[in-house]
Every structure is written in structure tokens, then in C-alpha cells.
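As written, the chain order gives the labels A, B and C, with residue 1 at the start of each chain.
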Amino acid sequence: MSETILKINNLSVYYGRLEAVHDVSFDVKKGEIFALIGSNGAGKTSTLSAIVGLVPYRGTIELFGEKIDRLKAYQRITRGLSLVPESSAAIFSRFTVLENLLIGSYINRDSKKDMLERVFSLFPILKERANQMADKLSGGERKMLLIGRALMSNPKLLLLDEVSLGLSPVITEKIYEACAEINKQGVTILLVEQSIWKALEKAERACIMESGKIVKIGTTSELRDEELIRKAYLGL
Amino acid sequence: MGYEEVLIILLTELAEALLYGCLLGGAYAVIGIGMSLILGVMDVMNIAHGEFILLGSYLAYSLLTTFGIDPLLSLVILAPTFFVLGFLLQRFGLSKPLKYSVDIFVMATLAISTILENLYLLIWSPLQKALVTNYMLWSLKLGEFSVAFVFVLDFFISIAVLVFLREFLRKTYLGMAIRASSEDWRMAQLMGINTDNVRALTFGLGLLTAGIAGVLIGLTYPFSPSIGKAYLVIAFGVVVLGGLGSMLGTFVGGVILGLVQVLTAVFFDPAWQLFASYLVIFVLLALRPKGVLGR
Amino acid sequence: MRITKQPLKGKNLVILSPLIVVIIVLFLIPWLGLGEYLITFLILYFIFLTMTEMWNFLAGYCGFFSLGQGAFVGLAGYMLGVLTDFGWSPYIAILISGVIATIFAAVVSKPLFRIKGVYFAVGTLALTEMVRIFFTSWRPSWASPVTWGGAGIPIKATAYISRVEVYYLALILALLSIFSLKIVLNSKLGLNVMAICDDESTALSCGIPTYRYKLYAFILYAFFVGLAGATFYLYQGYIEPTGGFGVSWTLIPLMATIIGGLRSIDGPIAGALIVTILYLQLVRYLGLSLILQGIIVLIFVFVAPKGLKSIFEIIRKHFYLRSSRLLT
């Protein structure tokens, strides 16, 4: 049985009086690809924000066996966590592509050369555009830059928020391929997806969220066989 | 006198004024850069900025009159002191108000500004002081003109400071951390950047430049406790004119203000020179609030 | 912070009656023979109260942090001096000074409103400095050689007007300012302005003409601050640039606001009281007094940024917890 590297216990996130996430619990095991599925407003992004420490929350989060609730966001990154945010505006637009990547290795500057090589082999286009200003990149290239930047800190757990949002199917495929490669390199991936098709295809385990609560959780094959899922989401 | 002679005299005066304006502009750029950094990273203005500049002038003055230390030399002591002061002040003092709200931070710095100004009144009296050194009276010959040495000094030290800062911000990891925090502090946190420390670092840099500016201006013009406000407005003007986040913009902003001030003093009336600068700031604000080269 | 419409119904009428008594008493004070000092104290108190209410209105409800109150105070003061110099009646002169301050506010609103937040704050400061330099350097053609410039000008009317008259002026001013604020905050203007303060772009998309409402709020502020300033200088008898346009005019309402609490109409009543006491106690030690004021502001910033009320809240919560533990 694979060890659990991320344990979410009774997580609740409130924005004022609005409850975005309610009493959510799940585990992510080492080396797997875990998907958080749900439509807009289901609470997926809020969950990620809580894990990474950008929003206050109730409940506990354990990373590699350590309770990280008291840690601030920049401290959690040093524990092997990294987030690829949903919006492509999250790149540093006044930096070049290379500078974006370099700042990603802020906490492990010594290995920046190795990390750069790794990112460039995954996304060769970034190497080509290394000295261009980041805001000149296309949507897909920006996503790649975001992923590359997140990889620069050599994370053991990578959080991906809606990788495929707003991208063409071809680019999306490319990115998912890169993710599979990253996973093979030993990085555990927690990805957030709106498209249940994609999620069930790419991930090993998943949980489905609706209105801030978990509706179903299990391996993707279990989920695919579920009556409810087949009817509601897959239209079968 | 014939028209030609009058014209030559006028042009010479104009050229001199332009020259002085540019040189002064360098010093003004240094006054403004501290505020620009703080504004860029922390999205606030330190109302006491002018008083900290004055602190530089006054401390250099005391070091000069008590120990005979040359002001430029005293920068060696003052610069790091100011940096540490700024870092500690932000890290352990102002971070709480800042987290609470921008308005409260402004209140706090306004209070600090008042306290400092009146401390200066008590300690150094309302009389004007100046950093008097022997090289104050030197003149350099540049072809037809002779220029006061201090102005040239101001200019080159300013350029050095601006270039140093630019390289620091561009090439070092800390500098990149500052730029990243200034653009998007959440993303910066996700890079593992301790944004509390970055804010403290930025504030330290802001005070550092204020101290340097204080010594430079103290060598150039006499100063008194009430001038702090004028420095604040000049810094503000530099930021408004030059925009945020651009060294070149800050420099241009400083030069514009310097030029307006000197031209007004020479061709109109020295009593109104600051007024003219302020007027320009406001007019430009009315037309283009984003600055000449700004974001 | 939420937008709250202050109710004007039954509950308030009950609160109003003791208030009416207080107001009647205030009007009678000069006849009660309680001494010159009390009158002076109250004059200052009412003036500071007016200024604080207005500053709080602008800062707390409208989100405009004005550091440049001095511009309007000094301008009104100088206007008063000039007008009374030419023989105008002080009452009319005060009114006109207020109007001049208002016009000035309207003119500078164009550039000022372009800048938000902290830029605005420093912008008002820059404005005040500008006006101060103007009045330090400019000498009108009719000026006698020892006046104007850095020396300032005397207010001739002060000699002809009794302290008691100034007292009533100040009292009426304070009452008017509170009264108008109460009306404005419940009116369309007030609600709109608060909406703009909370979120300008949303307000814009709701079709609110933001510039116009901001202008109205600013004009109201400038008018009352101008009146208050003119009244002060009528009391003092002379005005010079450093004091007239000084930072004190911002510090006083700021201190009163931070003590009394931002965004309330009652807060300034208490805050201004404390500030007036401090002002009178410390006026002898001018330099030290400002240092102390600064220190007080700092203490409040760190300990109770929401004002004295928050300290009371903390104390109350403390007692509540302790007493409820006693019950269980």
C-alpha cells in the first residue's frame, strides 16, 4: 500500500459567510495522480488554495505526515509543495520566461541548472523563448511556463488547477503528456478538472465535489462503473 | 547692447539652467526612488519619507560638526544604518498597521513624520543648516560654463545609486523577489518568497536611498525641519511623473522636476520655484495620472 | 465594512430627548457664569468637532483619506482676514470664506480624483504645501510692509467680536455639521457615496455617476472645514502660513477619529473632546505637544485601530467570558 503524502481532514473554507468548502476529507498517495472533479463553484480551487495556505480554513492538512496548518504559504513551499494556478495571468509578466523559471527555484537556487534542464526537456518551446518577455507567450505556452516554474522548486507534490481551461485539445493533450512524464519522474500530482472525461482518463484516483462537499471518492475505474456518475456526468 | 549679445546671455543662462536642472534632477530621482520602491512592493507611501531624508541631512550635519567627518564619508556609516533602521522598522513596527489597512499605515507614518519633524525642531532648532565642506564652493569648467561641483556630484552619485538598484533588482534573487512581490505578492509567496521579509527589505532600501538623498541634498541646499514636507511632495512628484517600476522613468521624473524648479528660479522668481514644481505635478496629474513612462 | 442606513424613526426619538436637553444647556452656557476657560474650551471643541466629523465623513464613509485639511482651513482663514480687512461683517465673511474653500475644492477635485488611495492622501498634502508656499510668497498690492509673507495677517474682526459671539458661531456650526451629515448619510447622496467608496467600478457599472457624487461629498467637506477654519481664526485673531496650513489641521481630526472610531457620527464627539483637552494642556509646549500627539496616534494605531470603542469591546468581552464562567 502506497504511503499517504497528503491528508485532508474536515476541511472547511469560508469567504465571509459563504461556505465554499464544507467538511472535505481525502488522501493523496505517493506517486499517484489524483483528480478533484467538479463544475464551477464546486469548491475545487478553494481546496487547493487552502492546501497551499493562501486562504484561512478550518480542519487539518497533513503533508508528509506533518501538520502544516500553522505554516504560511511561503513556508509550505519548502515542504515540497507547488501550485500551478488556473489563471495564465499568474505569470510574472514583467519578467522574461527565463526569469520566471529562475524565480521558481528561489528556494533551491543551487540546483537551478538541473531544474532548468528538466523543464526545458519537458517543454522545449520554453527554451526557445527563454529571453522573451513572459507576457508575449500564447495561452498554452503560458500554462507550460506556469508548470515549468512550479517544477523549478523540485516539488514532491504538484497541485494543478484546471490545466485544460481555455486551451485547444491539442495543447491540452501535450500538457497532459508532460504531466504524465512528470508523474513518472516521481512527482505526485493533485489535479483539478472540470471535465470528468479528462479526469477519469488521466488520473488514478479521484473525488467528485459538488457545492463544496465531496459526493464520491474512489479509483477512477470504480467511479466509471458507478451508476450515478454514468447517468449524471457521462450521459450513459 | 546689441540683440546678439542679449541673446547670447539669455541662451547661456538657459543652458546653465538646463544643466543645473538636469543635475538636480539626479538628486531628485534618488529622493523619489525610495518612495517608488515602497509604493511598488507594498502599495503604500511612507508619509515620513521626507523626514527620513532630513534625518540623513541632520545626522550628516552632526557627524560633520562634532567629529569633522566629511558627509560623503559619513555615508559609509549612515547608509547601512538607514537600511537596518528601515528593515527593523517595517519588520517589527509597521507590518502590523500595514496588515490592518493601508489607511492605518498612512496614519502611523504621518504620526512618525510629525514626531520626527518636531524632534528636529527641538534638537537642531528651526534655523537653517547646511552641510558645509570645502568642495562645496568648487566649480568645474565645462567648456564655456562653470558648474558648481556639488551638483555634478549629486548627479553622478544619483546615477550610481539608480544603476546599482537596477542591477540589484534585475540580477539578484533578492531583487527578483522584490519585483515578483511587487507584481503579485500571492504568486511570490508560492515561489517560497517570504513576503514579510521582502517588505522589510524594500522598506530598508527605501530608507537607505532616503539617507543618501539627505546627504546629497544637504550638500546642495540648506535645510530646516519644515522642508521634510517639500521632499515628500518632490518624491511624490517623481513617482507621478516617472511612473512606477522604471528606473529610467524615475530618473526622467526627477529631471523634469529639477528643470522646472531651476528654470522658475532663474527666469521667474526663486521664491516660487517649489510652487512651480507642485503646479506641474498637479497639472500632469489632471492629465495623465499614470505617469510619463509608467506602468 | 457594511453600508448601514441609519434609521430615523421611533428609537431615535427616544434618544433625541436627552440630546435636546444637552443642546439647550449648551446654548445657555455663556449665561451660567461658568468662566472664561470653559467657553474657550468649548469654542475649540466645537471647531475641532466639526472638522473631525467632516474628516471622518470623507475618510470613513467615502474612503478619501485627506491629509490636506490645512489647505481649506488656511485658505478660509486668509479669506476671512482679507474680507474683514476691507470692512466686511465677520458673519458674512465667514460664510464667504466657506464658499471660497468650496470653490477651491471643486477646482482641485479634477486632478485629485484621478488618484486613488494613498496617492490621494499625499496629493492633498502636496496641495496644502502648494497653497502654503503661495501664501508665504505672495504679497497683494494693498499689503502693508509688515504683514503678509511669512508673518501672516491679523484678523481685524476679532477685536470687534466678543468671545460669546464666537462661541455661538462655533456651537451652531458643530450642530449644523452633525445635522447635515445625518441627513446626507441617509440620503441618496450618502448611500451612493458609500457604495462608491466600497467598490468604485461596481458602482460605475450600476450607473452611478461616481465623479459627481464624489464631488458633492468633497464640497460638503470643504465647506464645513472652511467655515470651521474661519471661525477658528476669528477666535485666534491672526493667521500665518505655517500654522494656517500646518499638519495639525490633519492631525487633530485624525487623532479624534482614531480615538473615537472611524466611520461613525458619535465617535468624533468623544474623540474631539479628548483631543481638545490635550490641545489646551499642551499648547504651551508647542514642539513637544506635537511629538506627544504623534506618539498618541501611534499608540492607538497599534493598540486600538478601531478606536476607544474597540478597547471597550475587548474589556466587555473579557468580563462577559469571566462572568459566564462563573455561572457554569
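Everything below uses one rule, namely that a residue touches a chain if its C-beta (ideal position, glycine included) is under 8 Å from a C-beta of that chain, and two chains touch if they have at least 3 such contacts.
Values in this document were obtained by computation on a predicted structure and should not be read as measured data.
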Message = If I count C-beta pairs in contact for every pair of chains, which pair wins?
response = B-C
Inquiry  = Using CA atoms only, can you tell me which chain is the most central one in this structure?
reply    = B
Query = When the C-alpha atoms of chain A and chain C are each averaged to a single point, how far apart are the two points in Å?
reply = 53
Remark   = Expressed in whole Å, how far the mean CA point of chain A lies from that of chain B is 44
Request  = Return the distance between the CA-based centres of chain B and chain C, expressed in whole Å.
outcome  = 32
Request  = At least two other chains touched by the same residue of chain A: list those residues.
outcome  = none
Key: chain B contact footprint on chain C (complex, rising order)   = 59, 65, 67, 108, 110-112, 114-115, 117-119, 121-123, 125-127, 129-130, 133-134, 136-137, 242, 247, 250-251, 254, 258, 262, 287-288, 290-291, 293-295, 297-298, 301-302, 305
Message = Residue numbers of chain B touching chain C in their complex, please.
response = 39, 43-45, 47, 96-97, 100-104, 106-108, 110-115, 117-119, 121-122, 226, 229-230, 232-233, 236-237, 240, 269, 271-272, 274-275, 278-279, 281-283, 285-286, 289
Note = The residues of chain B that touch chain A in their complex are 173, 176-177, 179-180, 183-184, 186-187, 189-195, 245
Ask   = What residues on chain A touch chain B, complex-wise?
value = 52-54, 72-74, 77-78, 82-83, 85, 90, 92-95, 99, 102-104, 106-107, 109, 149-150, 153
